[in-house]
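What follows is a set of structures to go through.
Each of the two complexes below includes chain A, the first together with chain B, the second together with chain C.
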Partner chain A sequence: MTDQVQKILEIADDELILGWRNSEWTGIAPLLEEDVAFSSIAQNEIGHARALYERAAQELGTTADELAFDRSPEEYRCSRLVQLRLVPDWAATIARHYLYETADEERIGVLKQSEDAELAGLAAKIDREEAYHRMHAQMWFERLHDEPRFKAALDELQPLLDVRGEHTPEFATLWEEMTSVRRSLAGATW
Partner chain B sequence: MIYEVFRQERKGQAFAHAGSVEAPNEEFAEAYAREQYGRRGESTALWVAPRDAVHEIDDFADELRKNYHRVDGYPLKEKLGKARELAAKGPRGLSAGAG
Partner chain C sequence: MDAKEQEFLDYVQGGGQVETEDWMPDEYRAKLIKFIEMHGNSELMGVLPEREWILRAPTLQRKLALTAKVQDEVGHSQLIYRVVEDLGKPRERCLDDLISGKSKFHNVFHYPTKTWGDVGVIAWLVDAAAIISQKALLKCSYAPYARIMKKICWEESFHILHGRDVVLTMMLGTDEQRELVQEALDRWWGPLMQFHGNPISREEDPMYVWRIKSQGNEEARQQFLDGYVPQIWELGLTVPDPKLRKNEDDVWKYSEPDWDELKRVVTGHGPKTAERLELRRTSREETAWVRRAVLAEAA
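Let's look at the complex of A and B:
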């Protein structure tokens, strides 16, 4: 596996798992409007994961579904940050969202500069949606940045961002849930 | 705070009320309006305004029923109805000339 494919898979895994975690707020976000907005962000992240898996699958001779759902939990390259189940802690959820979007902007920016025009185009497309995620994260940041709970969550979560290849026990539970349909019905696609 | 959202479906068309969003400030209101009324390509533009900024007027004086003031002019519906009734009655009605 080339470094580039590895990198794409890393981002795809982050987006899939974060999308999954964020979607756990659907129906229970602090207010109805936020429920719609945050669910939509979660949906976008999963869409990005799909596009990136498809891209990696081309290179690896497999399919997006196989990459997303047929690997063993240890093979996922997602950051420790996105694995955490944070419901019902909204302050921590927003802290993660803010940390993630800030870091994500940088690496998507790098992909946009890729010599591979197709990959650069995909990154640009993803970035146009991420711009709204950043806007959303920023406005929540501005609203919460003086809150002690939010500050504590930022400090606590920040170091987890770059930790990869380690899996939390809650990730195993998420993996079970995420892959259950696929495992129970051969050939099920998302 | 409640913000009212108006959406324009196609360029050049009039904006129509789409609904409202609850948000703590304008920035959130814009983000929420965008998510609820703009992300499926259903709008070309949105107007977002605090509910207080929208002045509702619902008392219109029309004591003398001067319906010629109205944009729809004289209501023809009733007259047309009568004419059709007459026509249906046969040769002595409006269609007499045709026979």
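Let's look at the complex of A and C:
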């Protein structure tokens, strides 16, 4: 696997897992507006994951769904940050959202400069949607930045951002559940 | 009823529509709030049977479609609660009454979602039953409600397509997948037949009298059966009602739905009622500080 494919999978895994974690707020967020916002962000992220898996699948001779669901848990390259189940802690959720979107802007920026025009185009498309996630994260950062619980969450979560290849116990549970329908019947299409 | 109220009643019965600022009888306003609030509650509670399946959705496409569907539903509840708010009942009070059990939500959202087969059947048939009721609200005498129903019906029609596709894919799959769908249909048929309510004549239904609804309960159920039973059969599924058939007069006959079950369920005694309201109650408490922070900022 080339470094580039490795990098694409890393981002795709982050987006897929964070997409789920964000959608966990659907129906139970502090405000209905945030239900809608977080599930919209989740949709974008899952959509980005799909586009990136498709791209990696071309190189690896497989499919996006197989990459998303049929690898063993150890093979996922997602950051420890996105694995954590944070519901119902809104302060920690916003801290993660802010840390993630800030870091994501940087790496998507690098992909946008790629010599591979197709990949650069995909990154630009992703970035256009991520711009709204950043605005949303920034708005909440400004609202909460004086809250002690928010500051504490930022300090606690920041070091997890770059931890990869190590999985939380929560990730094992998540993977089991995420792949349960797919693994339930051999040879079925869904 | 005084002359002014009678004039209002004649006006709405003649197809007239009312705006928020127009005069309206207190009884009409109270009925509107009750009806629209229950719709808002149902959209919001309708999220809960499906949300956990976003994680379990077996392909990326299904995951995206389900996330979009669930998001639509929260968006609908937001829109609908705004209409209720304009009529004089703030959203926070609607949510209080929902959690305390004072207000109601639709019967179908009190049941568990056991398998991926249920996810397909809910999106296809529960949404189909719902869209029949909602299309009849496009002519609602309260114009602001009728207007938002356009957007809602448009989005619901995509849910039905998604649901039908989930079901169709499983029916074209393995025997076990077909069994999952049949079992889900068996579970959901009772609640689906109860969905449109008991067959009181529309003239006795206050919601029809005030032209909040434009059709009676039995008309809605007949329309559902007419539209969907042939499709259910075509897919090779069996409807779990031996008496179900269409008579020569084009009217569907069926076994009497369990109206006691409907009453039990909508009064808060469904299999999942307590658990789902508890989830809503605890999450509301746990996030109360966020609303306080936002309100302090707005002040």
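Rule of thumb we're sticking to: the second predicted complex is superposed on the first by the 184 of 190 C-alpha atoms of A that agree within 3 Å, B and C clash if a C-alpha of one lies under 4 Å from a C-alpha of the other, contacts with A are read in each partner's own complex, and residues count from 1 in each chain.
As a working rule, a residue touches a chain if its C-beta (ideal position, glycine included) is under 8 Å from a C-beta of that chain, and two chains touch if they have at least 3 such contacts.
Just so it is clear, the structure is predicted and the values come from calculations on it, not from any experiment.
Novice: Using the superposition on chain A, tell me whether chain B and chain C clash or fit.
Specialist: fit
Novice: Just chain B (first), just chain C (second), both, or neither: which does A:L31 touch?
Specialist: Both partners, chain B and chain C.
Novice: Is the number of chain A residues in contact higher for chain B or for chain C?
Specialist: Chain A has more residues touched by C than by the other partner.
Novice: How wide is the angle at the Cα centre of chain A, looking out to the Cα centres of chain B and chain C, in steps of 10 degrees?
Specialist: In the superposed model, the angle at chain A is 40 degrees.
Novice: If we overlay the two complexes on their shared chain A, which of chain B and chain C does A:Y132 touch? Say first, second, both or neither.
Specialist: Touch partner of A:Y132: chain B, not chain C.
Novice: In the superposed arrangement, does A:L99 touch chain B (first), chain C (second), both or neither?
Specialist: Touch status of A:L99: no partner.
Novice: After lining up the shared chain so the two structures overlap, which partner does A:L52 touch, if you call chain B first and chain C second: first, second, both or neither?
Specialist: After superposition on chain A, A:L52 lies in contact with neither partner.
Novice: Given the touch rule stated above, what does A:R143 touch, chain B (first), chain C (second), both, or neither?
Specialist: both
Novice: By the touch definition at the top of the document, which applies to A:S23: first (chain B), second (chain C), both, or neither?
Specialist: second
Novice: According to the stated criteria, A:L84 is in contact with first (chain B), second (chain C), both, or neither; which is it?
Specialist: In the superposition, A:L84 touches no partner, neither chain B nor chain C.
Novice: Have a look at where A:A42 lands relative to chain B and chain C in the superposition and call it first, second, both or neither.
Specialist: Touch partner of A:A42: chain C, not chain B.
Novice: In Å, how small is the closest CA gap from chain B to chain C once the two complexes are overlaid?
Specialist: Distance of closest C-alpha approach: 5 Å.
Novice: Taking the two structures together, which residues of chain A meet both chain B and chain C?
Specialist: Correct list for chain A: 31-33, 36, 40, 143.
Novice: Across the complex, what residues on chain A touch chain C?
Specialist: Residues 19-20, 23-24, 26-33, 35-36, 39-40, 42-43, 46-47, 49-50, 53, 64-65, 68-69, 87-90, 143-144, 147, 174, 177-178, 180-182, 185, 187-190 of chain A touch chain C in their complex.
Novice: Could you list, by residue number, the parts of chain A that touch chain B in their complex?
Specialist: Its residues touching chain B are 31-34, 36-37, 40, 132, 135-136, 139, 143.
Novice: Which of the residues in chain B end up touching chain A in this complex?
Specialist: Against chain A, chain B makes touches at 21-24, 27-28, 31-32, 34-36, 39.
Novice: Report the residues of chain C in contact with chain A in the complex, numbered from low to high.
Specialist: 44, 47-48, 51, 54-64, 67-68, 70-71, 74-75, 77-78, 81, 91, 116, 166, 169-170, 173-174, 176-177, 279-280, 282-283, 286-291, 293-294, 297
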